[in-house]
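Residue numbering begins at 1 within each chain, and the chains themselves are lettered A, B, C, D and E in the order written.
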Amino acid sequence: MVCVAIVDTTFSRVDMASEAIKVLRKKVPGLKVKRYTVPGIKDIAVAVKKLFDEGCDAAMTFGWVGPTQTDKYSYLAMSIALQMVQINYGRHVIDVTVHEDEAEPIKLKEIALGRAREHAENLAVILTKGPQGLTPLAGTGQRQGWPDVGPL
Amino acid sequence: MVCVAIVDTTFSRVDMASEAIKVLRKKVPGLKVKRYTVPGIKDIAVAVKKLFDEGCDAAMTFGWVGPTQTDKYSYLAMSIALQMVQINYGRHVIDVTVHEDEAEPIKLKEIALGRAREHAENLAVILTKGPQGLTPLAGTGQRQGWPDVGPL
Amino acid sequence: MVCVAIVDTTFSRVDMASEAIKVLRKKVPGLKVKRYTVPGIKDIAVAVKKLFDEGCDAAMTFGWVGPTQTDKYSYLAMSIALQMVQINYGRHVIDVTVHEDEAEPIKLKEIALGRAREHAENLAVILTKGPQGLTPLAGTGQRQGWPDVGPL
Amino acid sequence: MVCVAIVDTTFSRVDMASEAIKVLRKKVPGLKVKRYTVPGIKDIAVAVKKLFDEGCDAAMTFGWVGPTQTDKYSYLAMSIALQMVQINYGRHVIDVTVHEDEAEPIKLKEIALGRAREHAENLAVILTKGPQGLTPLAGTGQRQGWPDVGPL
Amino acid sequence: MVCVAIVDTTFSRVDMASEAIKVLRKKVPGLKVKRYTVPGIKDIAVAVKKLFDEGCDAAMTFGWVGPTQTDKYSYLAMSIALQMVQINYGRHVIDVTVHEDEAEPIKLKEIALGRAREHAENLAVILTKGPQGLTPLAGTGQRQGWPDVGPL
């Protein structure tokens, strides 16, 4: 049995977690999901840590970042924290973050859901096929939420 | 009994902590509060750590950040430190920060008090209902101190 | 007996440490001071750590930061390091930093000495009165080296 | 026998890892390679950690960074994480990163492959000749992927 | 006997390490030097850590940083890492870094060599005279590689 921690926020404007859970359930046999919802991105890392302590093997996190410079620093602090948790536990935390300044609001929902789905597929490959599951796609310019750009 | 650490600063121009404590007392049965006041945001993380060592189960911190680039780097250093404390202890630190450049001074007090109240409610839900207490609000665009923006 | 570590630099253009030591001696009964002078701000954190290992209960550090973007990144690295030391030891490091771009050179000396004095007073309150010694001033807009701005 | 961990991404637009592995195989006798492919740069550090736990002696990582400010913060988070892994294990992680804004797309492939090759040579020297293997080149303005600029 | 770790890069355009070693040999009786040359600044911290594990008492590092924003983030990652190593070991790492944007190329060599020499003298004072060896110069506006600016 594989346990995946799912951490998302009430700040986000799209329910990405539910989308990702659907994909994971389809792709990962015997999946156990533990979900934790927090207010915002600076509350995510500790929730992952708590679910790792309860035995989860990997995590997906779903952040939403405003457009100001302050928001970007909060994103940086969260990102460093998720690196620390990964290094402390030796477990993947696939971070799905949407930045409000990457597209018009009307487009953001589609990006968010697409990114959640595609990263859930990425994690499913790693969990079921191991370190070289994604190697056939190495250097091929995959994007999540946007069209792939392909290799040069 | 639940112990919540409350750390605030003399630099701040609004007493957010008292506002948050009022909400917490109403919402969390058997609450014990430990308050620690420090000069500025770079003194907050160690105070949280000391109160965690005394047995507090979670913390709320109340920062106030000036408008310069230097102030923003101090905010970043504080934010990284609060991530570390959360990861080290596996306990939430709900950070309520007001940035002087997010609104006119006259509006800042209202933002500060609203943010303190709403984040106190967030923490109360997590403490009393657990990891999925906030899940009904996941992806719904909640904001603290500003009007909610809603889901896309 | 209380031991306070004092770490300052030869890069600084004002001897802030001596000013702070004078205040601390007046305000903290049975004070023991250990001073360590290093070249610049990136050498401060390890000096604090060494003095904490020798038994100091808290520290004051005195940094001076040039006006370039590179100087600001060095300030950020130092600030993160001082957070780490505080979190590792559970002891306060009251950081007194002067930034060359916060005022004209002629004004900087006054700012530096005022900030050193006022932060020494802050630390004295914490050391002699504990976590709630500063609580009467919480949210009152205290500034160090500049006039207080008061509560909103 | 020497084991080198190779971590690359599906986000990258060039398969740098294969290029580097070719060089390493030629230059390092008895080389064992363990490859791990992840989605993007924020997934690299934990993969290195996992391969270090399996006994690898050093690592090469291959990142690709978009042109936005957000991409640069992700690069910073990854870079800090790779520093932490190196410090935790006392093993080199030679990081080969290509930034989309360092040249026109048509030029990026050549830069990427050249950088991978030249850093593989650097790592081979360190692994086979030790800490002073590169000392004859100290201060000589070596560049990877761009022409060397030479000493001043 | 005192052991000083010397870590420099092939990226640098000036051999600062040799200059610093000359000064250290003159000023520190019974000096043992261990030199480690790495490709670039992101490889420095782990080399220091390895030499500290071999028993060195302090380190000098010699970095060279390009002019782009990306270069500056790499500088920041290196700086944070050097802080971590210092804090982990309680040993000084005197970092001598030259930034390509601080002067015209023709001037950079002189700055680099001067900075290496003057910081070697700083380290020699700390190693031979202890924490207060530099105190007579505290707050006197010392600069390395540029003329001292003096106290205010």
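Please note the rule applied: a residue touches a chain if its C-beta (ideal position, glycine included) is under 8 Å from a C-beta of that chain, and two chains touch if they have at least 3 such contacts.
For each chain, UniProt lists the protein as follows: A, B, C, D, E = Riboflavin synthase.
Because the structure is a prediction, the values reported are computed rather than measured.
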item: Touching subunit D and also subunit E, the following chains; value: none
item: Rigid-body rotation angle, subunit E and subunit A, from Cα fit (steps of 5°); value: 145
item: Between subunit A and subunit D, centroid-to-centroid distance (C-alpha), Å; value: 25
item: Inter-centroid spacing, subunit D versus subunit B (mean Cα positions, whole Å); value: 40
item: Contacts with 2+ other chains: residues of subunit B; value: 76, 80, 84
item: Neighbour-by-neighbour ring order, given that subunit C leads and subunit E comes next; value: C, E, D, A, B
item: Residue ranges of subunit E in contact with subunit C within the complex; value: 65, 72, 75-76, 79-80, 82-84, 86-87, 90-95, 99, 101-102, 119, 122, 126, 131-135, 137-144, 149-152
item: Subunit B residues within the subunit C interface of the complex; value: 8-18, 34-39, 42-43, 45-47, 49-51, 53, 62, 68-70, 73-74, 76-78, 80-81, 84-85, 88, 105-106, 108-109, 112
